[in-house]
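Common to both upcoming complexes is subunit A, partnered first by subunit B, then by subunit C.
Up next, the complex of A and B:
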């Protein structure tokens, strides 16, 4: 969904640029809590992984394709603030080196494919994690559901931006219908990729997955607190 | 403290712990393979937004990319005619560039590991700007 130059007018592009810059600025401060000596390299690698997977367009029906956006994936793996930084780096590199996404549209693309998918993906993930069984093995499913929802919502954010500052006079209802229609399908691809990526790390090192850590802590607390009295119930090895 | 409890978790699940560096190396290897090799087989049809813009007719307002003749424009490598190689080089370069930039940024922003006598607060105040 990389927006090229010329789709949105200058004021809207400047406005999204300001929003993107402010969000990255806040993320630079907030991400500190999510990042330590182990998770910082992980965040760099997740950005690299998202760049790689964004090269892999998959077909969604006749003559159309889509690719991962990655906000939900990054937010669950490395934390939402870090995900804003990681995805922003991807879009900046794509715009400056790969001519993918206009430079005047860079703020728009960070808002659409970075901020929107991180925010929606992570909120849905948190909701699902609260509802699903409190085990790390359910984290990939919760992440996939976040990813599934995040893509059509991002496409609606584009519709809103187009309503504000689109350069062509088109029927906005038709735009919304068409955008959501195709991005529901792309969202399914996003969900599958997110599931596979999160599951592969959760299965070997759940403690490296930001969104799985509270579940591990919870279980640890149960074991520690009751260890002297009821250790027989908990012993597994 | 956190290291000790993680070990416990892994013991409780009864499996050997995979070292962090192997998880990182695995992620890098997968990324390089996807960008360097698998990307050649990606679908080349227009993406969702492009397709919608063509159907509804607003694609006509698109203007050229500022850097459309940069060396890696459109995920190819300037001067390399073989499609597989051209895309592969661009993909591998992109993965490494993103890794260095994003990894460098997150490394600079991270919390420093507290010193042994835990001068915790003192070591975490300065680098955010």
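Up next, the complex of A and C:
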């Protein structure tokens, strides 16, 4: 759910715009360490992937459905800086080409749904990965916990921004309770789907999961009697 | 640019607004919306003025209102919030239609609705009158980093490829009798996301190899920077009018390998 124009006052919008610009600038530099000269095509395709992720509806029951925000998922799959970069590009393109989310709220949307979900999700993921057994099969669980925490924290960041630049005098404690309450439920859904999606990738191509790579390096070479099938599947569009 | 069919908001036209340079339109939009957002909530006449100005611009653009209005649904969740505001906001209460509501909440709800609506309509006007390519050139004029523009152009270029891949997966699921009704179907849908990620990542690697095999060295050449529309054409990759971007991305194995070895 994108914040539209006018939801927060102009100074707050400008301030979050400055924060978002700085974050994207840092991400541009840091993502090159994660992707080197593959940055432009890979970050672009991952942005298209995140856009597609937000299109896939998960039924909740009673005719309602929701979709993934995908911040924590992207952070675990491609690394935090590429994820910040890609989600930010998604919001820029959505604001300019699809009129989704206000153009003056672009910074707010990047800070809320790009920066805070990605960074919180990734930090929790790192913490959990350090605590859980050092096996790739525990990566989906760590990613799910990251997703679980990232969504309510992002909603708290929203409440803080609303407290600074909101346009109506709502009881902030009540707003915080309502927002966090709803987003804990959304976070549980986000966590379950993130778990299932990361588990499906780890079981097939663990080498593609950025968050699983440090664990894979500890694997020892196993030589089978029969050569396994080649992994190069040329799937055409 | 082949990616424009993914940009469904564009309304083809030749009005002065369509022809205006994209960077001026982006700056105009930001300045206009900032001015609207900064207008105090109780300046009702000012909002009428902003709306009249915007409707005048839309009239000049020739984009019909019946095309723009249905596309304003993105605003709906916030309309719900705005409608609730008078009931949950604090402060002095007033009677409206027999209901006790907050006076400040009522004004805030009006401000939210007016600013949100004018903002969405203005954004839609930009999207309807600006081609993707023109927009990217405009952002370049506004000193947006070249690297970011490259990423955006790749995203827009492959948006259709990736989303239609997701569409084909849906057709494949449903042709096997799958219906998503409740959370019990989540594992299947989540595996779809997993498969989509693997395919998208591998496509990205193939695109990169295809670029390497055509001489890409991590930067887009100076000449191509001036016109992002042709930025990747100089690598012979995803040409203007290429019917399927995905099929043109298979690298020449020998050349790609030499290129990688030479690095």
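The criterion applied here is as follows: the second predicted complex is superposed on the first by the 194 of 237 C-alpha atoms of A that agree within 3 Å, B and C clash if a C-alpha of one lies under 4 Å from a C-alpha of the other, contacts with A are read in each partner's own complex, and residues count from 1 in each chain.
Simple rule for what comes next: contacts are C-beta pairs under 8 Å (C-beta built on N, C-alpha and C of every residue); 3 or more make two chains touch, one makes a residue touch a chain.
From a predicted model like this one, the values you see are computed outputs, not experimental measurements.
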Task = Please work out whether A:67 is in contact with subunit B alone, subunit C alone, both, or neither, and reply first, second, both or neither.
result = first
Task = Identify the partner contact of A:128: answer first if only subunit B is touched, second if only subunit C is, both if each is, neither if none is.
result = neither
Key: Partner chain(s) touched by A:10 [first = subunit B, second = subunit C, both, neither]   = second
Message = Touch test for A:193: subunit B only (first), subunit C only (second), both, or neither?
response = second
Ask   = Now for A:161: first (subunit B), second (subunit C), both, or neither, which partner does it touch?
value = neither
Message = Quick one: is A:120 in contact with subunit B, with subunit C, with both, or with neither? Answer first, second, both or neither.
response = neither
Inquiry  = Just checking: does A:84 make contact with subunit B only, subunit C only, both, or neither of them? Give me first, second, both or neither.
reply    = neither
Inquiry  = Under the stated touch criterion, which partner chain does A:171 make contact with: subunit B (first), subunit C (second), both, or neither?
reply    = both
Key: Residues of subunit A at both interfaces, subunit B in one complex, subunit C in the other   = 1-2, 4-7, 28, 36-49, 51-53, 55-60, 65, 85-86, 89-90, 92-93, 96-100, 102-104, 167-168, 170-171, 174, 201, 204-205, 208, 236-237
Of all residues in subunit B, those that touch subunit A in their complex = 5-6, 8-9, 11-14, 17-18, 20, 23-24, 27-28, 30-32, 34-35, 38-39, 42-49, 51-53, 55-58, 60-68, 70-75, 90-91, 94-107, 109-111, 113, 124, 128
Message = Quick check on the complex: what are the subunit A residues that touch subunit C?
response = 1-2, 4-7, 9-10, 13-14, 24-25, 28, 36-49, 51-53, 55-61, 65, 68, 73, 77, 85-86, 89-90, 92-93, 95-104, 167-171, 174, 189, 192-193, 195-201, 204-205, 208, 234-237
Note = Given the complex, residues on subunit C that touch subunit A span 7, 9, 26, 29-30, 33-34, 36-38, 41, 71, 74-75, 77-78, 85, 88-91, 104-105, 108-109, 111-112, 114-116, 118-120, 122-124, 126-127, 132, 135, 145, 147-148, 150-159, 161-163, 165-166, 180-183, 185-187, 189-205, 207-208, 211, 216-218, 220, 244-247, 250
Remark   = subunit A residues touching subunit B in their complex are 1-7, 28-29, 31-33, 35-53, 55-60, 63-67, 82, 85-86, 89-90, 92-94, 96-100, 102-104, 155, 158, 166-168, 170-171, 174-175, 178-179, 182-183, 186, 201, 204-208, 216, 219-220, 223, 236-237
